[in-house]
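Across the two complexes that follow, chain A remains constant while its partner is chain B and subsequently chain C.
Then we have the complex of A and B:
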C-alpha cells in the first residue's frame, strides 16, 4: 500500500562508508525520492538489527529498506509479520565488487536505492489464499501394491483419512505374488517372509482407510485441498464412489517389459521370466518344467547382461540380480542336488545386499559367472543348452539346464499426460484443421502419438492432460536427486516403482516420504502457503480477466498445469495448484497477471527508477534479470571473492527466468538501457530449473523479444540469455565484460534521453 | 493436526538432516537441528557435482538453506553434539554440548581484514589440501554465514590483532562451551558417514605414494572452490593429471575392510572420469572394477561413458600400487579377470574409490539403539521415537537419502501425534 510509512536504513559499517558517500545516498532517499525517514546505522546484524527493529516499532514503519548486507544474511522471520522488507546488498553487490570512492560506484549504489524504493512503494504484504470451501485433508492413494499399502498406512497412522484405490480385486500387487523377500535386516543373509498378509490386514483393518478394490480413478477434478474424485469400475467402467481428497499419492507401480527378441522367450517353451518362476513357487511350492511337468533340477538365470549388444541401456531395473540370487536359493532349498547358474554382466547388490550375495556365493550349488549368453537351444532329451561367451578368464562355456529364467525388466505403470493431451489435440486438428496440409500434418501426429491412446490412469481434469507429465523413460517425477517428490502437478506425488525401479525397502521408504509430502501439502494449503520450492510463500497470482484476450499462453506454458480454460480459452485459476513461479506473468502479453509483491509493474518501476546518463557521458547501462535461485545468489559470491564487476550493470532478481515478461526488455530499451542480459538455470534433459522449464521458456520466447527489438530498430545482440549455476559465479563478471564489448560495437542506445 | 509443543531433534546437519528438518517443519512441526561442524551441509557440500545429472550440490543446498532461514520452526545449533538422551518416545530429554565459535554474530567479519592474520590451519573442507586463516568461513555458502575461530591454530599475536581487525564485539575469545538441555518428542539420527581410512589399504599406496588420492579428495580437486581452483592435478608437482587410474572397491566388498558395498563409488568414479575428460580432451581414464553397479536410471551414464575412447574399463581387483623406480608415476598391478592376464599399468594419478563408513561406527548415539556389525543403525529395529535416515542406516546416494529423510520426518511426526 502506498500509504504505509516507509523507513530506510543505510549501513555505514562493512566498509560502506569508506567506499561510498553515505550522505549523498541518504539525500537520494530523502530529497530525490521524498522518503521522510532515513537513518544511518553502523550494522544491520545483532545490536544494529535490534536498533532497526526498535525504530520499526516506535515509528510504526510498514515498509522498510535495509541497505547494508545481502538478503541472504537475514533470517526470514526477524521482522514483524506484515512489514514489507526490501534489502539492498550494498556490501556484496557494490562495495565488494567495485573500486571505492569512484563516481560509477556511487551511481550504482544510488540506483539500487532508487530501485528498492520504487519496488517497495508498489509492493504490499501478501495475504494467504484461502478458498471459500474448507480444505480437505484426506489423501487418495492410487495403487494397492507395496508402495500404495505403505503410503495408505503411513498417512492413516499420522491421523489423516485415506482412500486406497486398487484396480485388481484384491490388495497386494506384485508383493502378493512373491514367494519370499530378499533380506532386509541384519545379518542380511536369509530370505524373509514378504509380510504381505499382515500389511494388507493392517490396511484393511484401519479405521481411517477406505479400500476400493476393482476400482480405478474415473475422474479427478479440482486442486490440492479440493480434489473431487469419482471412481470407476475396473472391469466395466461404470461410475463408482465419489469423494473429496486434499492430496494424491500415485503408487501405480510397474509392469514387466517384454523380454528381448533375441532371447527365445515365447519360442522355446522352458524359457520363462523371473515373475513366472516366482508365481510358480508361490502357488505350487515346486519348480517344474512347463513343457512336460518334470521337476526342475537345474536353472540358468540370464540377467540383463545376457546379451549386452541387444540390451536396452536406458535404465536398469535395479532388482534383477537380487531376484536371481533369491530364486537360486528357492531351487537349492527345495533340492540339495539342484544346480543354479547365474549369468550376469554386473552383479548389482549394493549396500548390505553384498552380504546376501556372499551368502549365495558360499552355496556350492550356485554357479555365478559373468558372461554373454549367445544362444539357448533345445537338447535332444528335452533340456536346454545355454551357450555363453566371455565368461571369467575368457572362456566360452555351455551348460545344460532344465529351465531358463530371464530377468524381468520393469516399466513404469504411468501415463504421459502431456502426450495424451497432444494426441487429443492432434485428433481434433486432423478433423477441423483449416487447410488440407494442416489436417494431413495433424493426422501424422496422431499416428506418432497413437501409443498413448487409452493409457490414462489418473484421469485428471487438467488442461495439460489427464496424468502427470513424463520425464525420460516415462518416469513421472522431476528433480529426482534433491527433491524426489516434486512432480509437475502440485499435491500429486509419485512413489515407488512408478518413479524408478526400486526394491521393497526402497518402495516402503518412498511411500512413507510421499505420505509426508501429501500431508505437508494439505497442511500448507490450509495455511494458504505455497509448497516447494517457494515453500511458505503467501503470495499468489491474480488475473485481471477483463483484459484477457484468450491467447492461452499462460494455460499452455504453466509448468504445473495450474490453469484450466473455459470454452473460450479464458484461464481458470485454481490457486492451490500454484507454485508461484510467475511463468504465467511472464507469458501474458496483456500483463494481466500479478502477485502482491511481484508484478510486471513492480519490476518495470524498478527498471525505470535507474538514472540513465545521457549518451555523451559514455556510461552505458545494462539491465540484468537474474534467477533468484542460482544466478542471483552467485552475485553474492562474486562479492565475497572480491571479483570486479562491470559498474554499469543493474541487477534485478526474478522468481524464475520464465517469469520475465518481454515488456521489461522493451521498457528498458525505451528507458535508454543499452542492453539486457537474462541469466537462468540449466535447461534440457538434465535441467536444474526449480520450475522445470522456466529458463527454457525464456529462451523460447526470445523470438518474440527479437521481433520487438526489430520494431524499435534495435539490434538483436542487445539482448543475451545465459545459463549459470551458483558454483560458476566466477563466470559472472566475464559475461558482463564481454557483453559490454558487444554493446560498444553497436554504440549507445539512441533512445537515451527521449 | 495437533502439533505437539515438543520439537523433533535432528542429529546431523548434512543433506539427510537438513531434508528431515525442512520437511517436518513445513508440515508444521518444530525442529531442533544439531550439527557438529560450524556449518550445515555435511559431506555433500564438498562434492563438486551430483551424479547422474552433473549438477552442483550448491543449487539444492541454497534452496534448503533458504527453507531453513525462512522457517521460524527450525532452530539450528552448529558446533554442537548430543551428549545424552534419556526418556522415552514423546518425552525425551537431550543434553547438547555447544562448542564456542568465538564469533558472536553481532557484526559479520571481513576476509579482506582477516587476510592480515598469519596463523593458518588445514582446511578440512578441502580434505586438508589447502590452508585457511585461523579465523575462517567454513566455505563460501556456509550457513550460518558466520566465521569461526580455530582457537588452537590462532597465535597469541593474531589473537591480539583481532581486536583491531574486527568490529568491536564481533569476536569473543573468552566464549565458553555451553550445555543446554532440551525436551524433544522424537529424534532423527542423520549422522552420516566418513570415508574409509585409505591409509589402511597399504597395498594401494595411499600415504606412501604422493599421487595416490581418494575419491573425496578428487571431488575437491575438481571443484572451482577447491584447493586448485578446479584443476585436476598431481599432488607431487601440480601438473595436470593426464593418465588417471580409478581403483574401485578400495576397502569396500573386502572382508578385511568393509565387507559391504558402499553403493555410490561406481557412480562417483564414473562421474570423476567425466570431470577429467571434460577438463582435458587428451586425458585418459582407466577404471578397475569388480562390477559396475549403476542402479536404475544411472545405467545410461555408464553406457554413455563407454562411447568415450579415452575411458577404458578393466574388470579386476587392483593388487598393488607403487611409485615407479625413477619418479612419482604409479605402477598398478591387476589381474584382468576377463582374460586371466596380469596387467601392469603406469599412471600419473591414482584415485582410490574409498567407501562409506557410518559415523556411528565410531561414535554411538547416546541411547540404547541396535547397530549392525558394521556400525550402521539397524533400521529394522527402530526404537520407538528414534529414527535413522540416510547413511546412518546404509550406504546410499543423495537421491535415496532425501527420500529416506522425508520418510523419517513422517515417522517422527507420528510419534509426536501419539500414534493411531
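Then we have the complex of A and C:
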C-alpha cells in the first residue's frame, strides 16, 4: 500500500450517469487534478463495493475517493485499516436535488470531486493516541446511595475493579432512611421493602469492590484512563488512600431544600418535612405529634411549597407526589379511621405508578385535591388548620389535622465547577486587578459567587474548575434528553438524583447506564479512540506549541475542560479527555491546532478547490459550512425527499460549528465566493449542540468575522449563521434561496478572478 | 362558579365579589364506605375532568352535576350532598358512567347518595335503616303478613265487637268476602297509607328544609317561581317523563319506567275507586263488586298490571344483562323491583284463580298479594320507592329556585320573561 496513492471511483448507478456526464467527471480527476487512477463502477454497495475493494488491494491504493452515495449510507468499515476514504455524495447532494443534464448540475458535481481530492491529498490516516502510561480500567464511584451501590455492583459484575467512596460512615444513602418503598412491580398496589440492606451486603461482600466510607474525594487529577485520586477523611479532611482509576461515576445524590422560605416550617410546631416523617416511621413505627407526643390521626401533605404555585422548584418531579401517596398509606395502614389530605399543584405518577395512585385514591381515608395552601394556623385545641383555595371542591376549604407534612424539595448534591473557578478568578482579580475599578468589579463578583465557596465535591484538578459544569438548577450539564449520564467532563458520568430528581427505580436504571458508560470509556480510551459523541474516532488534536501566543482561548473555550495550562498559560493537552470536536481549532488565532484528518489547512484547501466562475457569468458561489451532527445529515434528507437545492452552494461538513476558524471565511471571500453560510445546532438553555456550545461560540466569534469583512470592504450580510435541527431539513433549501436573494442585492463579489 | 376567583390583587376599590369564609371539611368515612359499598370504590378515583357533566343531557349549564358531586363524595361530604338538589335531578341515564375515564360510575354514585338521602330523612329513622339493609328483609316482610294473619284469625271477634255483620247480600256474591272482609282490608289499607303519609310528609319537609338551609348558607339567589307554579311544572314533567326521555345510554329505562309509572297510577286509581265505594259521591247506586271482566275499571286495572309486568320485565332484563358485579344494581333496586313484580304477579294470579273458582288456592294467593301490597305501601317512604316523592320534591324545588336557568358566573339566575317577579318572591317567602 502506498500511503499517498489516490484512487477515484465514480458510480454510474443511482441515476448518476443519466444526470451527469461521467466521462467529464473522470476528466476532472485525471486531467485537471492529475490523479492517475479513476474508474467508473456501477454501484458502491454490495458487488460494486467488492469490486472497489479488489482494486484497492491490487492497485495498492492508500487513499480512496468514492463518488456515489452519502457517507451515511456507505459501509466504510470494510476498507483495510490505514486506507483513507473520502466520499462524494453525488446521489444525495447532486443528482437527487438538482435538475439532470444541466450545466450547473455538472459544475456542482465536478466541484465536489475537486474538493474531495483537495482534502484527501492533505489527510493522513489518524494514529490512535496512546499515553506513555498504561490505561487503568478501574472505576471510581462517588456516593454510596442506591445509585452508587448499583453502579459499583454493575461495574464489578462486568469484571472491572471499583472504588466506592461514601461520605457517611455507612452505605445506603437516603434509601436506607426510608421505611418502605413505593411499589416497583405489578400490581403496583403494595408498599415494598427498600431492599437496601441486601444491596449493601452484596456490595460489601464483592471482591472487586473496595468500599471507602467516611471518605470524600480530596483531589482528582489526570484524565480518563489516568485519573489519580486521593481520598480525604469526611470528618477531619486528613488525606486518605491514593489510587488510580480510569473513569468516574458521580452518584452524589441529592440534598433536601430548606422549606423555610415558603411555608411555616420552623415557625409552627408540628409542621415537618416528608423526610422527618419518614425517619419517624422508620425509627419508631408510629406517627406522633412533635409538640405533645399525641398519636397522629390526621395529616395534611402539602406538595406545592405554598402559594403562589411554583414558588418552590420549577423542576417539580414525581418523587414528591409518590412520597406523599406512600406516606398517606403509612398513616392509613395503622388506623382505619385516620385521614390523610394531600394538597398538590401537580400529581405526577408516571408510568405504572398510575396504578399506585389509583390504589391510594381508592382508600376511603385519603383525600386529594389540587389547591393553593394559603395558611397553616394553630387551633385552640392544639390541632393545625390548613386553609387552601382553588381546590377541586369548587370552593376555599379548611381541614383540621394533627400534623402537616411538607414535600421535600430535592436539590442536586453537586457543585458548579465553573462558578467555583470564577469565584477563585474574581478573588484573585479583586486583589491584583490593574485599576481600582477592576478590583471593585471583581469584589462585587466575589460577593455574587460567594455561595459557591467551599462547595467542591469532586475536587478535580481541571483548569475550568474542580467540579462538573452545572445547568440552571445546579444539575450537572449533560445534554440530558439525548445523552443521559454524559457530562462535560470526559470519563465522568453523573447518575441518579444528582442528575435529576428520581426514585430508587430510576436510580438503579441510571446507575446501570452510567456503569456501562464508564466501562465503555476505559475500553475506548485504552484503544486510543474518542468516546461519545465521536465514538471510535482515532484522530486527536495536535498543538504546534512553538507558535502558541498563550492567548488562552482554547483553554477557556474547550467545552470539556480538556486543556490545563502551565504557569504561562500554554495549553497542556490531556488527550484522553478530548472529544475531538475541534473547538480549540476554531478558537486558535494562530491556527496551531490540527487533526490528521481535519485541519484549518485541509478545509481551506477544499474551499479553494472550487472553480469560481467569472463575475460576468452570473453564477454566484456560496460556501456553506454545515455541522455534521444535524445540518449535514439534513442535507442528505433534502436529497432523499427530492427537494430542489440552489445549485450555486458548495457544502463542506465541519465537526462542530465551534471548530470553524474565521480564516476560512476570509479565504472564501478572497477566493471569490459571494457569501458564506454557517449552519449549526440549536443553542441556548435547551441546546442541541453535541459539543454543548459550539454553535453559540460561532455566533460569539461573529464579531471577529465582521471586523475582517470590514477590512475587506465587504458587507456583513454576506455571512449568515443559522440554527437547524435535523427534522427541519425542509427549511434548508429556503435558507439558501433567501440567502441567494440577499447576495443578489449586494452584487457579485469583486474579488472574483483576483 | 369558583368562589375563590375573587378580584385580582392590586385592583383598586372594594372587591366586587365577596370572598366567602373557607368551608371547614371533616370527611365522613362511614359515608364514603357506604357509597363505596353501593357504587364501587372507584368513585374516589375522580380527577375532576368533567366528562360526566359534559356528557350528561340533564345537567344544567351552571354548576353542572355530577362532577361537583363526585368531588364531594370523594371527600365524604355527606351534609353537602344531602342538601344538594342536583342529586335528585339525575335520572341515572348513566351516560356519565359509560364515559368516565376513571371508571368512577357517577350515575351509580348519585343513586347511592339518593338512597343515603332516603335513609337520612326517614321518619322514624330506624325504619330507614331497616329497609336499607338486607338483613332486616324477613322481619320487614313478616310485619304486614303477621298483622294481616292475626287480624284474619280474629276477624269474627273484631267484627262482632265493632258491630259489623257478614255482608253477603245480593250484590256481593262470593265467599271470599267472608274470608277477607272489605272492612278489614280497607282498614289495613287506610292504616298503612296513613303511616306512610306521615313518614312521607316528615321526610319531604326535612328534605325541603335542608335544601333551603343549604342555599341560604351559601347565599344563593332568591327563588324565581312560586311553589304552586313549581309544583304544576314538576308534576307535568313527571307525567311526561320529559327529563327521562333525554337519556341516551339508558334509553330502554325511559320506556320501562314510563310503563311502570302509568301502570302503577292505573292500579292506584282503581284501588282508590273501589276502597272509597261507600263514600265516593261519584259512584252510582249500581256499584257491583267484583267488576265484570269487561268493566272499564277491570280493563284499566288489568292493563295497569300488565304495564307494570312489562316494564318490570324490561327493567329486570336490563339489570341482569348490564349489571356490573357489585355495582349498577344494588339491594335497593332489586328489592323494590322484586316487590313490585310480586305484587302484580300475585294480583294477576289471584284474579286467574278467582275466575277458575279455585279455592282455597285463591285465598292463599290473595293473602300473599295483600301482604306484598301492604309492604309496598308501608315501606314506600324508606325504600327506593321514596324516590317518587323526593325526586318530585326536588323537581319542585329546582323549578322554585330556577335551577335550570342559565346563570352568569357568580350572578343571579336570569328571570323568566313572563310573570311578576315581585309577586313570586312574596309567595315563596
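The rule is short, and it goes like this: the second predicted complex is superposed on the first by the 735 of 754 C-alpha atoms of A that agree within 3 Å, B and C clash if a C-alpha of one lies under 4 Å from a C-alpha of the other, contacts with A are read in each partner's own complex, and residues count from 1 in each chain.
The definition used in the following text is that a contact is a pair of C-beta atoms (placed from the backbone, for glycine too) under 8 Å apart; a residue touches a chain by one contact, two chains touch by 3 or more.
Here the structure is a predicted model, which means the values were calculated and not measured.
Enquirer: Given the alignment on chain A, is it a clash or a fit between chain B and chain C?
Expert: With chain A as the common anchor, chain B and chain C collide in the superposed model.
Enquirer: Figure out whether A:59 sits in contact with chain B (first) or chain C (second), or with both, or with neither.
Expert: Once the two structures are laid over each other on A, A:59 reaches no partner at all.
Enquirer: Is A:390 touching the first partner chain B, the second partner chain C, both, or neither of them?
Expert: both
Enquirer: If we overlay the two complexes on their shared chain A, which of chain B and chain C does A:615 touch? Say first, second, both or neither.
Expert: Touch partners of A:615: none, neither chain B nor chain C.
Enquirer: Once the shared chain is lined up, is A:358 touching chain B (first), chain C (second), both, or neither of them?
Expert: both
Enquirer: Could you let me know whether more residues of chain A are touched by chain B or by chain C?
Expert: B
Enquirer: Does the superposition put A:337 against chain B (first), chain C (second), both, or neither?
Expert: Second partner only.
Enquirer: Let me test your reading of the model: by the given contact rule, A:727 touches which partner, first (chain B), second (chain C), both or neither?
Expert: In the superposition, A:727 touches chain B alone.
Enquirer: Does the superposition put A:400 against chain B (first), chain C (second), both, or neither?
Expert: Only chain C is touched by A:400; chain B is not.
Enquirer: Among the options 21-29, 327-335 or 381-389, identify the stretch of chain B whose C-alpha atoms clash with chain C after superposing on A.
Expert: After superposing on chain A, the clashing stretch of chain B is 327-335.
Enquirer: After overlaying the two complexes on chain A, where does the chain B footprint on chain A coincide with the chain C footprint?
Expert: The answer is residues 358, 390, 392-394 of chain A.
Enquirer: Under the touch definition given earlier, write down the residues of chain A that touch chain B in their complex.
Expert: 13-15, 42-43, 45-48, 69, 72-77, 137, 154, 156-159, 184-188, 208, 313-318, 346-355, 358, 370, 390, 392-394, 472-473, 475, 480-485, 500-502, 506, 509-513, 515-517, 519-520, 523-524, 527, 531-533, 535-536, 629-630, 633, 637, 640-642, 681-682, 686, 688, 690, 725-728, 730
Enquirer: Mind listing the chain C positions that touch chain A in their complex?
Expert: Residues 1-4, 19-27, 29, 32-33, 36, 41-42, 44-45, 48, 63, 68, 71-72, 74-77, 102 of chain C touch chain A in their complex.
Enquirer: What does chain A use to touch chain C in their complex?
Expert: Residue positions touching the partner: 336-337, 339, 358, 361-369, 387-400.
Enquirer: Quick one: which bits of chain B touch chain A in the complex? Just the residue numbers, please.
Expert: The contact residues of chain B facing chain A are 1, 22-23, 26-28, 48, 50, 53-56, 58-60, 62-64, 66-67, 69-72, 104-108, 110-112, 140-141, 145, 167, 169, 223-225, 253, 259-263, 291-300, 302-303, 315, 337-340, 372-373, 376, 378-381, 394-396, 398-400, 402-407, 409-411, 413-414, 417, 419-420.
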